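So that you can tell them apart, the chains are marked A, B, C and D in the order they are listed, and the count of residues begins at 1 in each.
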Amino acid sequence: METINFRRDLHMHPELGFMEFRTASIVAETLQLYGFDTKYGSEVMDKESRQGVPSKNEIDKAYKRALNNGANPKLIEKMEGGLTAVIGTLSGNKPGPTIAFRFDMDALPILESSNETHFPFVNRFRSKYEGAMHACGHDGHTAIGLSLAKEMSKQNFAGTLMLIFQPAEEGGRGAASLVAKGVLDNIDKLYCMHLGLGISEGEVCGGSTGWLATTKLKAIFHGTSAHSGMSPEKGKNALMGAATALLNIQGIPRYSDGITRINVGKLSGGTAANIIPDKSSMTIETRSDKAYINQELEESVRKIIKHSAFMHGLDYEIEVIGEGTTIQCDESLVKTVTEEATSMNTFTSIKDIGTISGSEDASLLIKRVQECGGQGTYMIIGMDLPAPHHNSEFDIGEKNLDQTVELLYKIAKKELH
Amino acid sequence: METINFRRDLHMHPELGFMEFRTASIVAETLQLYGFDTKYGSEVMDKESRQGVPSKNEIDKAYKRALNNGANPKLIEKMEGGLTAVIGTLSGNKPGPTIAFRFDMDALPILESSNETHFPFVNRFRSKYEGAMHACGHDGHTAIGLSLAKEMSKQNFAGTLMLIFQPAEEGGRGAASLVAKGVLDNIDKLYCMHLGLGISEGEVCGGSTGWLATTKLKAIFHGTSAHSGMSPEKGKNALMGAATALLNIQGIPRYSDGITRINVGKLSGGTAANIIPDKSSMTIETRSDKAYINQELEESVRKIIKHSAFMHGLDYEIEVIGEGTTIQCDESLVKTVTEEATSMNTFTSIKDIGTISGSEDASLLIKRVQECGGQGTYMIIGMDLPAPHHNSEFDIGEKNLDQTVELLYKIAKKELH
Amino acid sequence: METINFRRDLHMHPELGFMEFRTASIVAETLQLYGFDTKYGSEVMDKESRQGVPSKNEIDKAYKRALNNGANPKLIEKMEGGLTAVIGTLSGNKPGPTIAFRFDMDALPILESSNETHFPFVNRFRSKYEGAMHACGHDGHTAIGLSLAKEMSKQNFAGTLMLIFQPAEEGGRGAASLVAKGVLDNIDKLYCMHLGLGISEGEVCGGSTGWLATTKLKAIFHGTSAHSGMSPEKGKNALMGAATALLNIQGIPRYSDGITRINVGKLSGGTAANIIPDKSSMTIETRSDKAYINQELEESVRKIIKHSAFMHGLDYEIEVIGEGTTIQCDESLVKTVTEEATSMNTFTSIKDIGTISGSEDASLLIKRVQECGGQGTYMIIGMDLPAPHHNSEFDIGEKNLDQTVELLYKIAKKELH
Amino acid sequence: METINFRRDLHMHPELGFMEFRTASIVAETLQLYGFDTKYGSEVMDKESRQGVPSKNEIDKAYKRALNNGANPKLIEKMEGGLTAVIGTLSGNKPGPTIAFRFDMDALPILESSNETHFPFVNRFRSKYEGAMHACGHDGHTAIGLSLAKEMSKQNFAGTLMLIFQPAEEGGRGAASLVAKGVLDNIDKLYCMHLGLGISEGEVCGGSTGWLATTKLKAIFHGTSAHSGMSPEKGKNALMGAATALLNIQGIPRYSDGITRINVGKLSGGTAANIIPDKSSMTIETRSDKAYINQELEESVRKIIKHSAFMHGLDYEIEVIGEGTTIQCDESLVKTVTEEATSMNTFTSIKDIGTISGSEDASLLIKRVQECGGQGTYMIIGMDLPAPHHNSEFDIGEKNLDQTVELLYKIAKKELH
């Protein structure tokens, strides 16, 4: 019941990436309550390594709103500017390995449904923040993490349990700053998880490998404005550069030995009909099931942007605003998940799924753990969804929440026996 | 002195096109004070023929601000939704021709300078509305019109004097709705005027003919969004359509028998890096010194937009958001301006200027008057400017204001003798 | 030895698609010699269904050259205009099924190597026709077919043996006209084969399924020329249409559920620097491992061409100049190939290969046989190649030729026992 | 009569630029006959400064054809490789200025009309060289030059007469090599001329100034081919570069202070549907009535080509294949032409024409003469044309030929009195 209460409260107060002040405040207070050594803010995040950070103005607004909605002022003061990760650590009474679980906390910029068929609306926990919504289940993830903390706080175990609550998973923006801070460097095993993702109720995938490596870029073109009637030749047209880049980026070749994806998702520039546009910006995404291909795609995009700019006498900047890589799940962790899930009678079958064509910045966390000699996996807990992820009618099955807590609890116990 | 007072008050309260509620309120009250039969709102404008109308939200905000800054609630109630033209008519005591003068009232979306060299800042009448500014002298035009009204109200004359205060000249958006309402149809002679425009202090141009015909268009492309990783083939990419249109519009051929101008001044579309863009919009401008060429350019633009849309399975809309045509000044009016100016010792020389490469929607008013058998001209009153038009340091020379009032007064007297 | 002799003679006289007059003459005479009922020309091809047919001029030249190099005038008279397919049928002495084998005969427009390491050069059977070359092994295919005819002519068997010698496989241009003529409609089992294709010496693939469906299109844009200095506005620029089409075709989206390929392989247009180009043409290719996706790609290409043309006031034509589809090999035929190959001690292992990323118009033949209730397969006979297919140093291993004849002979005997 | 005979013989044997072997042979022999000191080949042309030179193969073919059609082998031996300019100098018996006349000799790649209304066809002097035609009157120019040589050879005069017969005027390709050789450096007055050009019969323009400065460029893109199905990512697509360049070149901005023209007149690239194109080439032309604007346009084109290439990993080359500049005619020469023409009763009026929107490489000759302290003009002799220049029905009025010879003779006499 408690997991559901947590989840509903979070669902009503959805906060976008790097602005999860109220969420992180609740998480930190709860972890502290259960005796976890709790760190947050610049203790666990490298400020400069964050990607796609919202404007100061947006962050300030979210900060005030969090204060007005019950966030702990002392706690979130240390998260100012968007340092909203929280990591709780609980040591057992005997030495042993460090086992970590990762939960993401951020919501999406989607207006939640007010249909009579929409469970959160009917049950009065629809988003109170118009235009923001937990439409990917991160409210559930966070709630599961908190209940896991509670369960484990009652146990004797060997080793160290680490619970990582990560901001800004959407767009692949938050993980890099945790990696840069070094908080992944001493983990023996890292378990990441997601609800849903196309797997049916009762099914569990112990190690999902179909994630695409991805890079999200923001490019800005700087030109020179001029009066379009009186001196068109004096302008350096930032939209000519952007349109040329767009068409050429969309035309980057397919690869024979891997999946590729390219998208210019956003473009804007110019001010008025009678002014040669002096500025434009665009948001681009590349993906591939091979990390090296994604890197080549990114290089192609950068080359196209550079020369589209220079062709028109423009300056340009490129910023990485999000990223993720492929995931290689370690077999022994997959096996542990599978065995523990099979031992519960709630999970009826085990599913191995292929290409997801989505991306996850947990990939960066797992990769870092593995680089440091540890192991990792990305598991999926199936559920029957009334609507796809990122849809305004999305909802998770609340009965799955405590089952998932139990599964994670069993995994933790096994690893920390 | 009074003209300057009017001007400074207007300068402090600059209102953008179709939102000149406070300005129009002052104009209407002043005309009424001087005995003019004063009409405004839907009496003088066809609501549907306005072009490039701001959003309801913007108009409502401007309306409230006008009320807070002294606009007459009873008056501007009739201008609701942006019907801000005012026309005053004063009949002489003898029959005679109908002579009209036209003044434009709107400001520009420019942040006014706070430099110590900027006259309005130093003299404390800088814009109170941050981000809006009279940077084209329309504050002067309107003030001149009001002083002319006062002068003429004291005179006996033959015929009818009509003073037209037009909204939304910037972008060529306001004139069409006056034409559509028919208020130009019974004018014998129409005098239009502008301060500055590159002519030196002391010079007057009685008939400026170098204006370019122009059309401003807004195009919107409607496609289908899709997840760029999971189902890119399901999208209909509205930015592919827009970028293709942009490059092809910029490539519309030159004309051997006339000046041409093309500009895609603004483009925006898409929502996020990982979503195939389902909507985009662009603002386009064509110009030519030949009206038929401008029309062909517009047709080329429309054709390119249509097929750029259909090529990618997109729907599209095109809206005319501004227009102007060429101006043929009637010789007899030019002669009258020239003679009256010469007779004053303040105007030292007479200037005939060529191509301006700018556009003016007074052209539509003059054209309509001429179609109905009347005559028109567009005169320019020179002044030494500290900065170009549409610049944040722009300012008019206040000493020119009463000279211009006198010139118009002399023209009116001559025509209505 | 005879197979090698056939092959070397064909190798010295390589003929491009629809111009295999000398080759077809030899094939027809040989089949007649061995008692086959031999048909060719319009008896076995639908003239109008050929794709990518060379110009009359090219065909006429090839025809004369064939005559000068020993083609039988009476025979090739019936092939005039490029009807160069030959089908030989031999009936057994008992009733039984109709079993067909298909061989392709055409060469490539490649200048053959004169390197001292190039076997055909060293052994004096390098191409006598400069600029044409058997660089894909079709000389071997045809020679194998002729030797198979000889072997089978000595046997008693039940049913009917059909040997199909197809023109213009390169570019996927010849098969459609055989299908249209109906010659595939009464075949029970169709065996198609290729040498090489990346499989090692001694390996055989009984059923290759990785072929991509493909369409090759030729698009022509018709505009209006004009003097670029004196009247640029009078032109309708056929290169603007083509360049716009090219960039947009390259930008056709990836598909989430299949491989896609797009290429604009050729583009030309215009006449001189000072003339607005009035004509342009381009060659485009689409491919996919799913036939329905290839069809959607083709539709997207057609839509882009249409609207790129209309955008610039151009007319356009689109012609299909080649095609192929996917291949589903029937299990029982694959099994027969595998068993017969295994029974020979020359073929040491059996290989199942995946995606080839190439295309084959034998796919159209197999598809037609299957539509009519028959079965088909596409087998590959491995060999170690000194250079890739379509390379000027390509060569086949001659010792594999008689092994392959034996394999086909064994298959034929098994099927026609 | 002789002028007409010369002209008809030249008309029957039209030779394209840098391949005027027979024409130059006749010119040189005739000048020698009349006692002119005659130079040609590398004596008067700088080989490396020629622009847009045909291929060796084309030149060799033309050379052989000239030999077969009566060219003097000894003479044209010195013109080998396309050095086809001829300059004749005749010194008077007294010292005096050097006065030069320039005539162009080359024909166009146009198939001459065989209509019954076409004068050269009816009178049996239609082009014997199918596909080549004197469709711009250079046959007349050369004939006039030869008759002028004859007339002047009979006269006593003071100073030096120089007759310049220039190759390859079409495309603006020949003049630069004369300039580079220095043959213009000691001329006091240079008279250039053209027949027709839109001026009516009986009219003469003494100094035509409306010529546009122009540059013709050839760009080549070098990429890497790859199989479009098997390894599209390995290609560097030379047509992507070319199409991007084309669209951006067509989109180079208009200029507010001058006429501009841009044309990509020709584009070709790629080899086959299934190969990523590894090479493409394009022909581009810029023009303006201001030399500095033409130079800026050329720079913009070069920048676009460079970055379109680099964007796709391509190498590129740019070659100037033709050029011309603006013409400033010296007043005293214009006056001389006008006076002499007026003094003849065949020329009824004098015409001053404005913008021609065409280009002429005589501009380079005049510019060089002026740079060295001399003077120049470009005169036009009007005639009524049955069809426009560069049309297959073009013809000059033969009766104008001797009138023009007389006019030039009178000018020469006046200058060399």
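By our rule, a residue touches a chain if its C-beta (ideal position, glycine included) is under 8 Å from a C-beta of that chain, and two chains touch if they have at least 3 such contacts.
Small disclaimer: the values here were computed from a predicted structure and weren't measured.
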Chain whose average C-alpha position is farthest from subunit C's own: B
Between A-D and A-C, the pair with more C-beta contacts: A-D
Subunit A and subunit B: spacing of chain centres that average the CA atoms, whole Å: 49
Centre-to-centre distance between subunit C and subunit A (centres being mean Cα positions), rounded to whole Å: 50
Centroid spacing, where centroids are CA-atom means, of subunit A and subunit D in whole angstrom: 67
Residues of subunit D touching at least two other chains: 230-232, 237, 240, 244, 247-248, 250-251, 254, 256, 261, 276, 357
Interface residues, subunit B side, partner subunit A - complex: 171, 212, 214, 216, 227-232, 237, 239-240, 242-244, 246-247, 250, 261, 263-277, 280, 283-285, 287, 321-322, 356-359, 390
Interface residues, subunit D side, partner subunit A - complex: 230-233, 235, 237, 240, 244, 247-248, 251, 253-256, 276, 296, 303-304, 306-308, 310-313
For the subunit B and subunit D complex, residues of the former touching the latter: 247-248, 250-251, 254, 256, 259-262, 357
